[in-house]
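In order of appearance the chains are A, B, C and D, and numbering begins at 1 in each one.
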């Protein structure tokens, strides 16, 4: 049994990690950390866990807690994981960081977009970007994984093969993304109240959203050159789900079948990527509660562009599910262990 | 033109008051008070008012502000209006208080249920309970009106004629009420976040909700005896609307037509009360954005009970609309001035 | 492995059955029946099943299909199961009927409330009412189980111990129930369109809802006398969930602790019934996607009544989950097999 | 008083027309036509109109009905208006067609995208495209106006000045649009059921949506050359509202202030177009129930593109409101008559 601790267990991603890990037969949750709810019963913060989780929330005394577990998930605000990590901890436990602290290789870009000083840049090089379908081999056995963002996972997986194979001009990519409100977290803000989000649709963080450089870095690797993109997130009145619609100029004269062949080459054997039939579009309802990403695309002969479409559950494949997938890889378990939840509809 | 000031203009009821008063041809808004947003443009707090309202939010210096207006609406937390009211102010302006401060005649009941000391009990006697369809004559010309609560307005109007005419045993009344989330206000609380309210239904304040004694007092007047009732509110994942389903034991053997005749006697000429056709039930969608209350009932011969059903928009007839209706009565205007908005659907 | 067939697999309950059975390690789905989608791929009707279910929808040739399986679930409209059942079929397979056809022992009441002629009343006596926590022993090994309705499961489980132990006057029971919209099925009706349900709350089927006699029959057994109740269902703008708030007159002078002791006696060892802590109320969000029923109550000394509160997921414990629980009992499997999904929030 | 008839009065746009016209002091509604509900009371189809509208739905005998009115609104499916229009009718009444029948000047494009034969192409030339802010002068006094589509109104108004002034390469325009579900109409379809739309986000009609050629035609006029664009609509789980996010390559090196000056030049005096402050983005909640369009944009120096953002209420400025605005222009009334509803929030 893998012994697990979670720091930041009372955020929505933390709660989803607990849900998934309770159903993971190779895992035992040892402790749940939450600064905001120290000494409070976890099931009093998340009543869905009543009678299922008896733990009381711990303070994040990571030095002590690290002795009790094999792996720690940090589902914490930006900067937190970087501020507590050190060589001693890493020598004892594996770390899967759900924040952005180790996602960007260029620390100056991190510091510019997140507007904070990175506290442990020495670990950035070692950290693997935990997008399992792309970096699978590098993740295996590693001790520090940077779990990708929700928007980034959906965006990159939707576009990656087309960039890698040179079908499109990567510098022309425009990503228009839509997210359910759980992505905004459980903090008490007027903007996230029911009456403010319900019956509303808006763009936010236009040109400034922090997932932009993360997508750019990963797609630049695929393109073999530095690219800049536009990434525009929108807030949707629903709990879960990310839908990505992206656009790019074609460099080659391709048919749907041509593009499909490229995607099959990259994803044909992937458990968690479902390449839809030609006339089906991804919809968030079909992946809710599961680790699947649904992907499709369309060739526009009129404007010579490719349209990419992807959907995933931001709390599963976009956060906790991918984190478990990374854990499975790091510990040598079958990658899909504990992750075969069937999407729940409606 | 009636000059109007609003204290607490940045709550949902305050914003609704502004919406209604902008369309009221006999009214001029002179100032908007808001402790939380002093010196901030009102339209930056409520962007629906962009280009429509130029005012900057004022502090609640009621002594000074009272000189500029004919009437002040207080859409403020419990206790606030009671704490600022004095004879000098009342000698200058009329007051329509949307809080509970002057709704209950028995100050000890107020202090028990609200758990605060009443700061100006000397005005309770003078204050009229502003349920227009029942207390119309007493409201006319008055200088202090206690605007009823949203649940209370819907509950009392739905049940009142049956109590008044002795059709039911008033002591057997059970009110099961459902409210949209705008009734919870615009405060930043985890419990009112989109993801907490959406896809959820819950009872709250069971046996302790403060609208209970308000309903009891008014229905006791109608019954001619002191009654206790059960009132259970529920939170519904929608913005606006209150639906009341209430139950009571019949004292007489009546048909639907008998009860309808009683209701027609009381409400047949009311503009804002719509007695539905026999087989139509009140639904919140049909009154949204309007000052109407839809009412119907059903006689259950199997259990010898009467079921009451009522629906209204909690921000209009349940708050701002009724406040404007009271203002019209107080100033001798036609009662429906500025209140003939057609319900907006969908 | 238990071989399973589902008739009516393309309704919401049918889809939920498929979701649960895919995760049930002792079950193999052999065929999926759907009159509306014969020869269509199941995953083209429910895209959540893409790559997970390869079956094509079958016509309901039950004679032939019965040979291939050990148990058939009928998630079909009222009257269908009764019209196809015969001794030969029952001699080959076990039947779990999710419709109302065998729930009521008195066929005249069935025919009156459902307004159809019962086609196979000879099996009513044999059928067990599949409310597992109450009829567990009778269900074991049986070949025909009538799976209870969603409202009824929530209502009966919430109230049963209080009736059984004589705490309340069973004739005074009033049940005010609220349901998510998946309970209305997947039929294309204007009333169930998004824009009609969203931002709305309404009562429906007042005094005429067919779950009324089902609740009355079961509670009459518990009371030891024939009772009539009021049951009022409401439609809530959410996908899943049933919330019951019920009221009854106390016959004894009891405290919360007294009532809790009674409920602990009946449900203390039940896996799927969670008796909440004193000040927590059931909410549908905490049981979504799971087989749990959350229950609590409150004693009102002011009016001498007991208030009952219960919440469950209408598609799980209110339909497919309870059907699987019945299957487990009928086949001698551990009752919770395949049913330990952790509630998913948000 | 202008006498008005509405054909297709029982669709959502028809109902919104009735709502707006009831508050329009220069209008009298003479009849309401609806094929689906002939002889049924209008208020039994739309209960919000109970006690407000007494009319019974008429069959669409336009020859006879045209004699009674000054103007007819056709809120009907594509092809209907074209099939009934003739010179005799047009000689008697003005026509405001809310369908697409007279929006496209090139009948072959109409027939290709709508896949129907145009029944009265002889009137296409005469019809004015009723986008009031752009074609105001041509609309005045006209007898046939083609009321623009909801997506098109929002898209064109958001982008028009930038195209007209040559700020962008019009051939690079990509429009990613999001719509509330009322845009899908009141037809009973599984895809528009509450449980299918709620908790979901999807693209639809990708590369094939019929508003594409309408946007292209109007923007081609502005550009002075034929352009092709990408237009991708998405369905959002909310009742009302359209949000447009559009992208185009800059042709000039401009600042936000430069672009703002261009938009002020075109829209600075418009009542119904609100150019937001620099850091505010359009959101559908701020225009709900009103005829306003909120517009803003952002210059991306990193990728040398302009991002356009627009929001409106699809049933008001996107349909019924703009139709009334057109009527006002056609009859020489002040353009904003009956259209000054304050946006309703929440």
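The working rule: a contact is a pair of C-beta atoms (placed from the backbone, for glycine too) under 8 Å apart; a residue touches a chain by one contact, two chains touch by 3 or more.
It should be emphasised that the depicted structure is a prediction, and the values quoted were computed from it without experimental measurement.
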C-D compared against B-D, more contacting pairs: B-D
Reference chain B; chain at largest CA-centroid distance: A
Euclidean distance of C-alpha centroids - chain C vs chain D, Å: 46
For chain B paired with chain D, centre-to-centre distance based on mean C-alpha positions, whole Å: 37
Multi-partner residues of chain B (each touching 2 or more other chains): 12, 182, 195-196, 198-199, 237-240, 283, 285, 288, 346
Contact footprint of chain D on chain A as seen in their complex: 171, 174, 176, 178, 180, 195-196, 198-204, 206-207, 228-230, 232, 234, 236-241, 243, 245, 247, 281-285, 288, 298, 300, 302-303, 305, 307, 309, 311, 346
Complex contacts: residues of chain B adjacent to chain A: 12, 181-182, 186, 188-190, 192-199, 237-239
In the complex, chain D residues that touch chain B: 12, 15, 18-19, 22-23, 46-52, 182, 199, 239-240, 274, 276, 280, 283, 285-290, 294, 340-346
